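You will see two complexes here that share chain A, one where it goes with chain B and one where it goes with chain C.
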Partner chain A sequence: MTWMWGVDDWIIILGVMAALACAIPGTFLLLRGMSMMGDAISHAVLPGIAIGFLISGTRDSSWMFIGAAVAGVCAAVLTQVLHRFGRLERGAAMGVIFTTFFAVGLVLLVQTADHVDLDPNCVLYGAIELAPIDLVTIAGLDMPRSFPVLVVICILNLGLLLLLYKELKICSFDPAMARASGVNVTLVNQIHMIMTAATCVACFEVVGSILVVALLVVPAAAARLMSDRLPIVLILSLVIGSIAASLGHLAAINVPGWFGDVPETSTAGMMAVMTGVLFLLAWLLAPRHGLFTQILHRWRLRIRIASEDALGLVFRSIENDSGMTRIDIRRTIVSFTEVGVVIAWIAVRRIRRDGLIDLKDNRCVLTEEGYRRASELIRSHRLWEAWLWQHADLAADHVHGQAMRLEHVTDRSMREKLAAQIDATGIDPHGRPIPSSNPVGDGGPERSRP
Partner chain B sequence: MTNQGPRARASRVGQGSEHDHRSPLSIHDMTVAYDRKPVLWDVDLDVPAGQLVCIVGPNGAGKSTLLKACLDLVPKVSGDIRFWGKGISRQRGKVAYVPQRESVDWDFPVNALDVVAMGTYGKLGWFKPVGTKQRKAAREALDRVGLQDLMDRQISQLSGGQQQRVFLARALVQNPDLYLMDEPFASVDASTEQAILDVMRQLREAGRTVVCVHHDLQTVRESFDWVVMLNMRVVAAGPVEEIFTIENLKRTYGGRLTLLDQAAMALGRAHQAGERV
Partner chain C sequence: MDDFLRVLLLQEYNTRLVVIGTVLLGMAAGTVGSLLLLRKRALVGDVISHATLPGVGLAFLFMMMFGGSGRWSPGLLIGAAAAGLLAAGLVMCIRRTTILKDDAAMAIVMSTAFGLGIAVLGVIQDMPSGNQAGLESIIFGKTASMIRSEAIGIGITAIVILVSCLVLYKEFRLLCFDEQYAGSQGWPVMVLDVALLVLGTLVTVIGLQAVGLILILAMLIIPAAAARYWTDRLLMMMFMSAGLGALSAWFGVTISALVPRMPAGSIIVLSSSVFFLISLLLGSRRGLIIQIWHQISLRRRVGRQHILRAIWECSEGRSSVHRDHLIGMRSWSTGRVARLLQAARRRGEISMDSEQVILTDSGGAQARDIVRNHRLWELFLIKHADIAPTHVDRDADAIEHVLGLDMVEELEAALSQGDTLPTSPHSIAGVQS
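Moving on to the complex of A and B:
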């Protein structure tokens, strides 16, 4: 399909505005652990919308709004009542209320549809594709009927966010303390719920009352993975929502073409799919919580530990005059620690590249810097062995494994603390010397070279 | 100590008027129930000003509920609560509440400074954003609890003890006259325990009152001046050296006082006796 000016641009504008409006209440729903409340409200407003139609007999949005807001608030309050007095768990209370409201709404809607020009499918799945045809004229300009509604809700949500930012923040984080310090938590919560309900109504014509929950929650969830700062999370969820909406429409007009004869697909559906795709990307690639980042982190740590182990091996081989080749070191690392061949190879390569070891007749020797680093490591290791043996009552043949782990996380100040607590014999439980804290000063690498 | 001792004392303090107007927290005939099952029965209490007060009692004794009910965070069946002789709605600015650490989501996307700055929201009122002045106060409070270097940390990156200190700093920012703290010493490291105790002693020097829900019987004697022993009703309340006795503990904990606790108590008393000699 090709791009049609006057149609596709409007669809994207409407989609982006719906996403922007949803991101604000959606982020706070997510942070309060009430994401399903968004789902509940978006379903529960349905009878309100239907009654709005019944009363006004037209698709005039003002009646729908009032009806939906009333229904949304009723559902929220009833859920609370059922939870508190019906002794029903919150999720179950929500399930009872929103399915009931939704069912009543559906029945009313089908009834209404006989009298009013209204397609129940539009309410459920949205009719963004038809929006550019359904025009109104405001101030001499033709625009889709849902456009002014979305403009109003965007301004309203943004305004409320700026005005009530700190109230929304504290009521989401610590409602008990907020109430105790005099913040009207109930009022803030009600404003948040009404904001959510109004947003659902404003967006239902565009994305439908079922898919609106995707725009409410998924961009916020993706943004939450990307950042640990609330302002950034809010901005990111606005951005991610907008990108998902735009990509959604582009996909809706392009993707069916790839499968040959498929005539068209739902733009709203594609928008929801795109929020999911972006969430997946965030989950994989996010800077701190991302899967990829975490794997990378783990690899880096393993390589660092393997490099340190390799360096320690060279030190020990020089100490007992055995002299090891790089292959010997790789084999030893693989057989005595949990790392694989690849990491062992990278580790040996790295210590050579960093100028910590040199080759002499194909056997590894330590450079001056390498000797300094290796002595620190061995010092940590043997101090730990001595300490564990003397203070933690571990048998001499049990301390090696523990020291092997601890040596990688021991810094200078911890080494000196350990040194102060053990008997100053200068040897570890296996009878080998503990390198001093200033190894280069007492002889340097030459002393240890084969 | 006889059965009526502490109760008689509490009512004597309140004689004349219903409430003692000097008492930062005065509770009269308070009953709290969840689902019609009573959690607190007929509580009468006058907390003395300028003291470190702890509330002890077994699990489910209603210790946390007592604090929450005083602050109107949970509904009461009956009871009249006064802060310096007035209702809570007129005294919110003078009272700070420190909830249990587990009561909030520490994955929330805010840093330590943000959380401490929340202490200024109550006085700021609606719509006004946090400004330079509030941020400065928050930094100073973090300084007081020894966390000035960690103010940019996202709160899940803090240890349990550090999180508890962030909560204390948030209460300090409110600059109240009465602190109501729910288990500030629960599962914290030794250095945090010392830091919190130091701050609490500074507060006492400055004439502030601190009421803590506390679970570690072994530190009651050294850390607190006044004790409330609670098990659905006030079993005993008064100065630690008079009230905190094995007999009262047995009455509070029923059979649930462990041998270890009893031994620790006996040791503590022996120590004190030794010091006096």
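Moving on to the complex of A and C:
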């Protein structure tokens, strides 16, 4: 499908405007744990639209907008009331209210279906493809009818955000604290609900009442995974929403072509899919909370621990005068710790590459730097063993495993504190010497032999 | 009138099938719904139902690719069920691996899946062989035009669901009320959760044909939520919920058959909403009216105890008390004191001589008991909770009204007080000692 100026560009502009309008209330819905509220409101506007429609009898009237907004706010308020006074769980309360509203809306629509042409599908999926045809002239410029509405709602949302930023923030993160510091939490919540309802109504014509939820919550969720700071989350959700909207239309006119002779598919649907795709990317690749990032982090940690264990093994092997080959070290690591063959191999390779060990007759020996690092580690290990034995009442033959874990997270100051707390015999519970805190000065690796 | 009777008495073969099918669906949805509601998973039904749309669409495309007509309905339903389960799994996955909460995970999966569904339907509609695929009926349902095989399929599946719920009743009960205990007893919590989701998915998939994917949520939640107002017992709740679901399904189908232009799905939902509203108001366990009644009777009991205690403490039960004197005892208004005194006189606990109040014999005995409870509790708080004698009056006041007889006996034992009336540990406001 070829690009058509005057049609496709307007579609993308409208989509981006809708995404921008949704991102602001959506972020706060997400933070307040009310993501499904967008869904509830967007279903519940149906009777309002139908009634507004019955009153005016035409499609392009403000009655429909007002009816929808009233129905949306009613649904939000009724949900809260049912949750509080009916003692019903919030999700269930939402489900009861919005399905009832939706059913009423459907009955009204079917009742009026004969003398008006309001298609429920249009309410559900929106009609963004038709928007560029339905033009109005404002200040001498032709523009789609929904454009000015979206501009107004964007400006309103942005204005409310700037005006109430502090209040919205504190009410989202800590309502109790907000109440204690004198913020009218109920009022802020109601304003937020009205903002959400108005945004849903303004956007339903563009993306349909159900896909509004995608624009409300999904970009905000992706942004939340990318950052832990509210201003950045807000900005990112605006950006992600806009990208998803633009990509959505491009996908709608291009992707179906791959499956044969199909011209195009629903832009609104594809926009929702694209928000999902971007969320998936954030889920996997986000800098701190991403799945891959976390896996990578865990791997690096395991490699570091395995390298330290390998270094410790070399130290011990020199101590008992039983030189170990690299294969011995790998085998020992795999059989005595929880790491696999691959990590053991990487670990041994790493300490060799970092110049911590050398080979002499194929047996591993420590370099100067390696000796320093290894004796720090062994010192941590044996100090912990001694401490656990003396202060934590662990049996001497049980302390090794604990010390094995603790040695990797012990720094210099911790070591000195431990050293100060144990009996200064310089011997660990197994009778081996604890390396001194200044190992290089005491004559190098050969001196550590008993 | 003839029409009315014919529909009502199920004389038409087609109506009979549709009614039986949807009534069984209503029962199954109500039963599974009460479990989902108690497991706090009510909205998972919404996620599953929205996710069935791409499932149906993709199944259609898949069957077309292999030369079929694409409209073989068991194939479509399998696609729907697979997609629903996948979505439920994805929600769990997002919740486990990210910092996002339950609601966000559900909203993300639901909206994205639905968007995908609409995009796939858009493709199907534009395909040369795909128009009039009729896939859209799953969004709004089409009870009236249900055919025989569909009704039978719905009925059989519903019976299977009901039987599984009864068979797994004990396991589900534990899952809903104490997940950790169930886990510690060795029940496979995860497997049970998945089983519950599978049942939910089955209900959703068979419900698609009857009420459509948006309103099926109502059949799951509303009867269960309504039943919750009547009982605290799970089995009872499941039966009630199934009954309400069946009743609303029957109403819905009947009304939509009788009245022109009434979509059955919506009427089913609206009838269950009416049942919900009735239960919300009248429910015998948690209904609003019973809650308000409890509050009123509590306030009345507290008022009676306060006025009797005030009269007793003014006079230690011996002489008459002037009404104005009582007003100074607590922060209550003249009107309230007058009302309380009137109520007490009606119960025969006091007699009034113009403005003077005198306790009758029975009133005096009751007042003495009330004062005694109060003072026992005060003494207990002073002795065992280290509260200063000057502060103890309020604390005792907050709790004395809910003291049962056995509690009073325990207090007597703890304080080694016999049947005597202890003196007040603090000075009493408005009384010169």
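Everything that follows uses one rule, which is that the second predicted complex is superposed on the first by the 437 of 450 C-alpha atoms of A that agree within 3 Å, B and C clash if a C-alpha of one lies under 4 Å from a C-alpha of the other, contacts with A are read in each partner's own complex, and residues count from 1 in each chain.
We take it that a contact is a pair of C-beta atoms (placed from the backbone, for glycine too) under 8 Å apart; a residue touches a chain by one contact, two chains touch by 3 or more.
Note that the structure is predicted; figures quoted are calculated from it, not measured.
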Putting chain B and chain C onto chain A via the overlay, clash or fit? clash
So, A:V7: does it touch chain B (first), chain C (second), both, or neither? neither
Could you say whether A:S227 touches chain B, chain C, both of them, or neither, answering first, second, both or neither? first
Let me test your reading of the model: by the given contact rule, A:R87 touches which partner, first (chain B), second (chain C), both or neither? both
Once the shared chain is lined up, is A:V152 touching chain B (first), chain C (second), both, or neither of them? neither
By the touch definition at the top of the document, which applies to A:F173: first (chain B), second (chain C), both, or neither? first
So, does A:V334 touch the first partner chain B, the second partner chain C, both, or neither? neither
First (chain B), second (chain C), both or neither: which does A:M36 touch? second
Have a look at where A:V96 lands relative to chain B and chain C in the superposition and call it first, second, both or neither. second
Report the partner of chain A that touches more of its residues: chain B or chain C. C
Residue range of chain C overlapping chain B upon superposition on chain A, of 258-266, 384-392 or 402-410: 384-392
On chain A, which stretch or stretches are contacted by chain B in one complex as well as by chain C in the other? 33, 87, 224
Complex contact set, residues of chain C against chain A: 37, 40, 42-43, 45-46, 50, 94, 97-104, 106-108, 110-123, 126-128, 136, 139-140, 214-215, 217-218, 220-222, 224-225, 228-229, 261-263, 265-267, 269-270, 273, 276, 280, 286, 288
Would you mind writing out the residues of chain A in touch with chain C in their complex? 30, 33-36, 38-39, 43, 82, 85-89, 91-96, 99-100, 102-104, 106-107, 110-111, 113, 120-121, 124-125, 208, 210-211, 213-214, 216-218, 221, 224-225, 252, 256, 259-266, 268-273, 275-276, 279, 283, 289, 291
Quick one: which bits of chain B touch chain A in the complex? Just the residue numbers, please. 35, 68, 71-73, 92-93, 95-99, 103-105, 108-111, 114-115, 118-119, 121-122, 124, 126-127, 129-130, 154, 170, 174, 180
Mind listing the chain A positions that touch chain B in their complex? 31, 33, 87, 163-167, 169-170, 172-174, 176-183, 224, 227-230, 232-233
